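Just below is one structure, and these are the notes that go with it.
Letters A, B, C, D and E mark the chains as written, and numbering starts fresh at 1 in each.
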């Protein structure tokens, strides 16, 4: 029923995906909490945690697909937005520890006590409040994206140049967050969380709730993204992606459109990070590492760029493969993963979703190959 | 340092000077026996006693100890030594004996310093000017007042101007810090040091200033300040050189990418691994040379260069033919595939060579440093600067002035039309990618001289390389050159003030801001040709 | 002698050519005409090898070249002036011309003088980048580039598009000259009927992917032909 | 806003543009009255396209004035702002959005608010849908409306771009070589279409096809080496020796 | 057949593989050896190797997988502090056991973790004492990679040096990013700092990969050990395998074990190791010894408890004593740290260390540094009834400073 309504409004793919997510959001917690551990239907907690992590990654992938797939902004710094959202949540969780830290300081997190800090730095103010933290989850990455985008898009930085400045951004943040003076825990980051909203974070109910929240957030993310790309604004985005100059001659201010999706996407990535952190239990500067952002791009490519659902699927597939390989083939898994990427590109030019499209009976003729224009060095 | 020890040393030196044969009578056997105890205090004592003994065996034994050639014969705990080649000799008599199992007499830093002092004094009058120079420098550092008389004697005899100058400076260093010397002498000594004008001279002067009488203190103060000014100018120059050197490392790392990415448009995430392959090729070459032809070691890099080019180039061509060729017209997907390739190559190297660092040695011409005008230029860096420029120029020439270069550019700009001009695009694509990869391999040879040779080598350069190529302007070789040097220099000029971490952050911020000003990089191509 | 033998051509699922046959031989000009989107360019692409045919054969010089790539065809003497110019944007005019050397033996690697006498503007712009030229200049460069290859089959897809009248006349004269030299076959797509009629020995009219009329220029029913060219 | 400096719709005075020392426009002056259609001809490389680049904000002139409707200094505006003022353009090399269907190309061009929010909540009105149908008929692409523009032939892309210009409904149309690659019959029809448009819009057309220019039957400006060589009706300029020499040929 | 599973949680790929892979291998060897002796409690041991790939969240994920899915009895793993911090909550939540074999910054004690590497008082402090006493060092460069272990160690050292009367201007502190490879400026700064006329030494907490270029630069710029000795806490035999050590002879490292230590236990161990890896050139190092000790202790504790049940084993661990490879016996202390000798070695031309000094007896690991405000008054004691990791001796309460 809901599924049918979703499909009619958001198209079959997103509709089905959202329906599945809603079902997961109910079923997984239920099977984890209500079904006894011995039963074959029982979903063990570590699986819940794992699934939750993958879905958080999937949300990051969807946010990236929104800008890359539909607007041609190949962000190699989306991990930064993810990490900022994660830090915002992590800071809330740290404040929740209260006097239970190893040094027993009621206000200051352990690492600050250790560094002889006497009071909480301004950046940490307000994080004892959950709503404030939620606000920062969206605002911190959003504002960073807004600032970076404001300058970059107005200066008409495009293509690889934009990619590189996003990469430079995340790299700079990586180095900055490593610095203990920044007050975010340096290399060790934030960890050893205890409570969320007053409930112990390791409690089974909280685990299940976090999973459900992640599934719902992903569903919402897909719906929002789908809404954006199916609106006329979505058409404009694709137009800008393919021929920005031409779109300007039609009167579209490309910079504003880009700024809008970039910021939206960054906020979405921030949410993904915020859901990720309580589930994996740590946030540290390595989340800013450029390689992480590149990996996110790869999830999207594996799943199928410009399909939203594909991006989510790609994230889950690659991470599932990684989780499995690192356990099953600890010495050789990089060969397997590397081969997976190569095969995916060569055999599945449009990603997993492209494969799906190929297997479905054809309705419209395949999008033909556009006459290849004089090739520009990488866009 | 105990005075007795010094006196002993001096006595030894004096004896060597005067009558080498006289002290034959002293019994060195019990002294030498202390070496066999393998306890540092005993070794130390033995050195002192040996030096004081004036026995002719003292010098060869001490030299042997200094160079790790002094042994304890395991059977009877006799002390023996040997030349670089040649038979074992009994320390007591210098008599050659048959080979036997031995263990070395161990030394520590403290022992090395005693040895330096003992041998330094011995060397002040050595026939070889290089050793006299070395001794003078050691004396400058240790400033042993007791050595003064010997130094004066040596000074009188000295004919070599360079050595003479070093003796004078050593003498000045001793005098200026000697609180019991007449103030005028000390002031004169201070002037000598001020003339020398380097960091060490400044250090000595500073040490002398402690508790110095007023006039001397004033004199030292001016000298120290003059030196400071000079040194801060030098520091600027030195930082520029460091910047140039870092820049050339970046250039080397990036220049291959300027082909595969800049020219061909392949987002080549496996570029770093090509560099890594070059470095491992160097390792393999050196290993083979160590095993089979140690005398060729200094030529190892020369041999490794063409090999690295071939190996990396061949791997590159194989990658192009098997994967990249399927992706033309889909430049973004090359990112995905080459990322996969890079994972595989990393793991392959880890499997074959192991996960840890491999040793690649510096040939002698790349070891040590050159001091000019107070600047320290390490040889390996100098060679790398020259090498990077040479590679750059060769590439520039190939691209601009050869028909291969022309075809290569034509293929990249319009593959289909290039084919219709009769250009075999497949072959050219493979060659171009091979060229870019081969150059990365050659870079690996050079980088193996300053960095780890480990499976992670490539990863540590990939980001910087992309930064350089993009910052310079994709498709512009000159841009890559200028970008590499700019980023290198900026980094090194910032580092002394901001520290390495903040310096790097500032450089990144600089890149972000700069690209706002020039959205297509430093050497942006302009005009319709690009916009269309 | 070129012989296109009942070829079909598809773009994905869409068929652009159906059983098209055309011939061109040395010393003659074959002109293909037809409204927009009927398949003229597709036919040219099939001849030079830019697009694979799904049925039929392309014979050149008595050999079957259907399976060969564009580079091999170029090496066998086929030169192409594509619709939309496709000059190499970042190469200079001179470099654009020199790309044609790939098919020539070392001794012949020079730019023939008549190229510059035909297109005098180019000689003044040798150092300018191809992509910076004006539309018409690019078109001239594209023709010149093909001539550098000294082809034996010259395939021209709307070569006069965007070119000023006086040079169109020159191009006409040049084509006539090349035809008369007798060693070159010319296959031409042209929309401008007067120009076509003056040059062509054979005219071949296409509609919806098929050849609907073909024959010696003089013998064609002009009214019927014009009907095919109107909507 | 200041009082209009001129009553002309488009006013170019003393405009020069150079690229690396090469003067593409050289002290060019040109005035277009409201409602006027003007044909511009001139040798390859005369600067016709560059002139359009200057008007639409793609290229900044080195010197000279460019005013639209007397008050808008086009040198200070960017492409989007100029487009929103009501200047539309068809490019010499047809440029459309390849990934979009033919009708989406038209929808994107259709006169409507260009803001981000407006487009996020946009709903296609009946009038707009009808307008798109109408244009599809005009450019004869109705059959292919749902196909991606990338699949069109060269000539069809030309037509689609003309359609987009119609959809945009600007006060001033700049049309660069509209009939290149069209058959004689299509050429005649395009001329007819432009004349019709000219009833309500101002137009600048660049063409090398003299039959077409003749059919337009409007004032002709001949550019040469970046400035005006001659101006007048077609017969007059065709008779000009210099025009014959540099452009028409014998 | 029923086996006892042992988790091995070391990065086999990514930046840390360079150090950690060896530890995986040594675990495999120890387990094989134990099985040859008949296993424990009559059961064979089975190693479960996973690759957390130098990725900290992945460490936590893999730890959880080892404990809940593979049901390992104990896990041997981690190298960096952040990886330990990442898995710590998992081990505590699931009440499982981790053996952590690397020298670290201290300031931690967990019921579920056994720290077999050195705490700062088992490495850094003795090294500084040595330099002060034997080499007469007056000026100090504290150079480290910018992360927690160096920061903490340097903080402790700074406090310690100042307490010993070293003036602030005689201490230079420098941090570099991970993987830093251009050491020109810093080495030249060190030379500069060292030319002020007083004996200078460098205390290096530079991590992993950055060391090779650092030492190459030291060699090339001619920084000699007899002038400015460098004492490192993260450079062992494995790290030196990548450098030509001839120009570096005399520079120092402080550890609790060196391959060159001449004891029968060590000789036997090295032989086994070379045979196991089928590589006569494979070196051994300190964290390997830590795993050897940790593993023996675990085996003993399991046998003592008669079960692999975590709670019982944890209780049985304290007080267990096993021979270490340097000729003594290491004991597990109530704070879950062990007693170890401290050795100072000088780098030799062949890439080995020659021991030039060593503590007369064993030093017990001090998790809460005595040199830092706020942790001075903390102790850990996991024996019942105290069972506390941060007991405040002033307030007499468990739970840190101010409570």
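To be clear about the criterion, contacts are C-beta pairs under 8 Å (C-beta built on N, C-alpha and C of every residue); 3 or more make two chains touch, one makes a residue touch a chain.
All of these numbers come straight from a predicted model, not from anything done at the bench.
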item: Partner chains shared by chain A and chain E (touch criterion as defined above); value: B
item: Joint neighbours of chain D and chain B, given as chain labels; value: A, C
item: Centre-most chain [mean C-alpha coordinates]; value: A
item: Distance between the centres, which are taken as Cα means, of chain D and chain A, whole angstrom; value: 45
item: Where chain D and chain E are represented by their mean Cα positions, the distance between them in whole Å; value: 74
item: Distance between the centres, which are taken as Cα means, of chain C and chain B, whole angstrom; value: 63
item: Distance from chain C to chain A - Cα centre to Cα centre, in angstrom; value: 52
item: Multi-chain contact sites of chain B, meaning residues that touch two or more partners; value: 346-347, 413-414, 416-417, 459, 475, 501, 504, 527, 530, 532
item: Junction residues of chain D - those touching two or more other chains; value: 19, 93, 151
item: Shared interface positions of chain E, touching two or more other chains; value: 12-13, 146, 177
item: Footprint of chain C on chain B - complex, ascending; value: 403, 406-407, 409-410, 413-414, 416-425, 475, 525, 527-530, 532
item: Contacting residues of chain C [partner chain B, same complex]; value: 48-50, 69-71, 73-75, 79-80, 82, 86, 88-91, 95, 98-103, 129-132, 145, 149
item: Complex interface listing, chain E residues touching chain A; value: 12-13, 49-53, 55-58, 60-62, 64-65, 68-69, 81-82, 85-86, 88-90, 93, 107-108, 146-148, 151-152, 177-178, 372-375, 378, 389-390, 392, 399-403
item: Contact footprint of chain E on chain A as seen in their complex; value: 44-46, 49-50, 53, 99-106, 113-114, 116, 175, 178-180, 186-189, 191-193, 202, 280-282, 284, 286, 323, 326-327, 330-331, 333-334
item: In the complex with chain C, residue positions of chain D that touch it; value: 19, 22, 42-46, 48-50, 92-93, 140, 151-156, 158-159, 177, 180-186, 189, 208-210, 246-250
